[in-house]
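For reference, chains read A, B and C in written order, and residue numbers begin at 1 within each chain.
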Amino acid sequence: MPESTTCPTVTDVANALDALRSSTPLVQSLTNVVSANFVTNVLLAAGASNAHIDNVHEAAGFASIASGVLVNLGTPDDGTAAAFTLAAEAARAAGTPWVLDPVGVGGLPWRTELAAGLLTLEPTAIRGNASEIIALAGLGSFARGVDSASDSEAAVPAAVALLEFAHVVSASGPVDYIVGRSEAGPVGVKVGGSSPLLTKVTATGCSLAALVAAYLSVSPTPLIGITSAHAHVAVASERAAEKSYGPGTFAVAYLDALASVTPDDMRSALVEPLTL
Amino acid sequence: MPESTTCPTVTDVANALDALRSSTPLVQSLTNVVSANFVTNVLLAAGASNAHIDNVHEAAGFASIASGVLVNLGTPDDGTAAAFTLAAEAARAAGTPWVLDPVGVGGLPWRTELAAGLLTLEPTAIRGNASEIIALAGLGSFARGVDSASDSEAAVPAAVALLEFAHVVSASGPVDYIVGRSEAGPVGVKVGGSSPLLTKVTATGCSLAALVAAYLSVSPTPLIGITSAHAHVAVASERAAEKSYGPGTFAVAYLDALASVTPDDMRSALVEPLTL
Amino acid sequence: MPESTTCPTVTDVANALDALRSSTPLVQSLTNVVSANFVTNVLLAAGASNAHIDNVHEAAGFASIASGVLVNLGTPDDGTAAAFTLAAEAARAAGTPWVLDPVGVGGLPWRTELAAGLLTLEPTAIRGNASEIIALAGLGSFARGVDSASDSEAAVPAAVALLEFAHVVSASGPVDYIVGRSEAGPVGVKVGGSSPLLTKVTATGCSLAALVAAYLSVSPTPLIGITSAHAHVAVASERAAEKSYGPGTFAVAYLDALASVTPDDMRSALVEPLTL
């Protein structure tokens, strides 16, 4: 797959949604128990499908036939941690795009070591909040003092450093910062416009990472894929916020909006180049 | 329990809902992490209750006191897989109705073998989509080329073959196809009228299987029990679709509708004989 | 932490919500797979945050830095059961408040023994339904014949007996009964006004226990903390019921209401002294 050398356009993200809807990619999610239901409903609403296959007997086999794979470190145990590695290895071997969501990395030593091992299996994309991206790049040494909720821009140098392992890396926040490899050096993208209510509903980040896996499988470049997932979330969350009275109604309206957003609606996404 | 020799009537399913509401059966669910919350909420809304007991220390003991047991193969690991067998054995020994939902069987060898072992423990009912029912009957050999979303009628011969193991078998789809044993040979039922939005919300199939377990425990025959569960879902989903703007609002309205459907409303269910 | 010697007032619970919102305590939840998503969404809506850390490698370390810890016995397996003990030990050693929610204790021998071990680690608070509180106090011998849904007052003697292990104990029901230690002997509180729809949505009890953990970490006494959690749930559930058409819409409106209830609204809570 070629790399993007410039920031994706709103036409690129509109086309990506069109491709998603017409091919209904099947994501294999290895995700935490808090997010498992919401991740699947987000994928179904957006236009993809999902199979949560995270046991050691089946994780590798399924990764070789899935359209994309999500590995989320939210609630690992010994069994699922082993399955993460098996799925990532199989995805890499099969050329299946896979996404690493390094939940909690930095503050928790066991999973930080697990994440370090997964990095060497070359995820196609990494999606986290700012503190997780910084911790993953430094494997813990840069994490202190960063407020993940407020300053995703602070994670850009760490995201660029992680391009050693991954094709594209994003740090979510009020504005999402995304970087990708190209032969001309790192390319940067900002995606704005998402609703702050996303932070009041659990698993919105986890399901965004799952959506990245879905979009990677239908997009011409990894940077278009990850940018399209972020843009879909931003546009849908803004629409949902208008119909919400709090986090409960927001989560429901968000699923409706993920389904009702059209490729043409994606043209309103706030996608801008980021100077690195 | 005697077997139905004819297709259940809408009076049968109306009476079954009445019995469900008046006895509030307690289902033991051994189900996947994606569906665990929704399965419980569906059972509570419909008029039953649920306990998710799936560890090896307690699964068998509880199966002997539950009203019905659901074994769902969605996200097994070594521990829950062992608990499935223990619960199924205890349910059979105690005469507790139990339901097998063979999620993913056919495409995934490990759970397909697990399902083959569970079949020998004689589930009261099997509920799956078309490709799962076909795979379960052939243990993998018939699964290719079947689109589970579109053609549940294609699973009827497989469902009939599975009556060797189970009293009743259903294949879900736009129309649900159900077959049951009788001394006069297999009896068939079609249940129509369900909303296509059911396919846009995860765990609607899993929770239908849980509802089958609940209804089996209050119905005069297994065929009336399974048909009543399918009819309850069809009637409630149609009502919910009228109040929905997408998959998010549908899932919420569906829980409301499962609770608000009355025995009299069940008389509008599209239950018809199926010629075998 | 000093103990309350009198029943908390509505001013106490109003101040506690204010403290919760201004400090956003981080709960560590070790809870069951049915409730994991809802527990987190309830904490986020109410004004706290959550991390579901329940593996043996990380449970203890995180308990020493969390604001409060929830140990819920809903769906234990060998791994999470070991993590429960590790987290409780670490919380006790660090002086972190921790809450025991003894789901299913009494009817299920394995977890009843597990609960007995956890009791010796001195939970700050215990929250259960009446039959669970009675079973926990008697370790099984008093459980028979008690209907947990209808008679939480019957659990008061058991709750008082459990003050040997915990600072505060509550039994949930149509009216919640709460008792706490003081130098002058046990103090009692009743909290009324909650909606019966809480019993039609799974994990409302589990998430109340999580909210107790959050409130304990910001309240001047354990009795004010646990009473404030019960009062927040009662006020929010009553408000949600007014906007509901069934259990689906209720659950959604409940999350909205948990977020929209103000400290001033908490003054309408039905908090009364309970004579012991």
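As a convention for this text, contacts are C-beta pairs under 8 Å (C-beta built on N, C-alpha and C of every residue); 3 or more make two chains touch, one makes a residue touch a chain.
The model shown is predicted, which means the values in this text are computed figures rather than measured ones.
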Type of chain A:chain B copy interface by residue overlap (half), same or different: different
For chain B placed onto chain C, the superposition rotation in degrees, Cα atoms, nearest 5: 120
Chain centre separation in whole Å, for chain B relative to chain A (CA means): 34
Of all residues in chain A, the ones touching two or more other chains: 33, 36-37, 251-252
Chain A contact footprint on chain B (complex, rising order): 32-38, 74-78, 104, 107-111, 199-203, 245-249, 251-252
Residue ranges of chain B touching chain C (in the complex, touch as defined): 33, 36-37, 40-41, 44-45, 50-58, 61-62, 65, 79-80, 251-257, 259-260
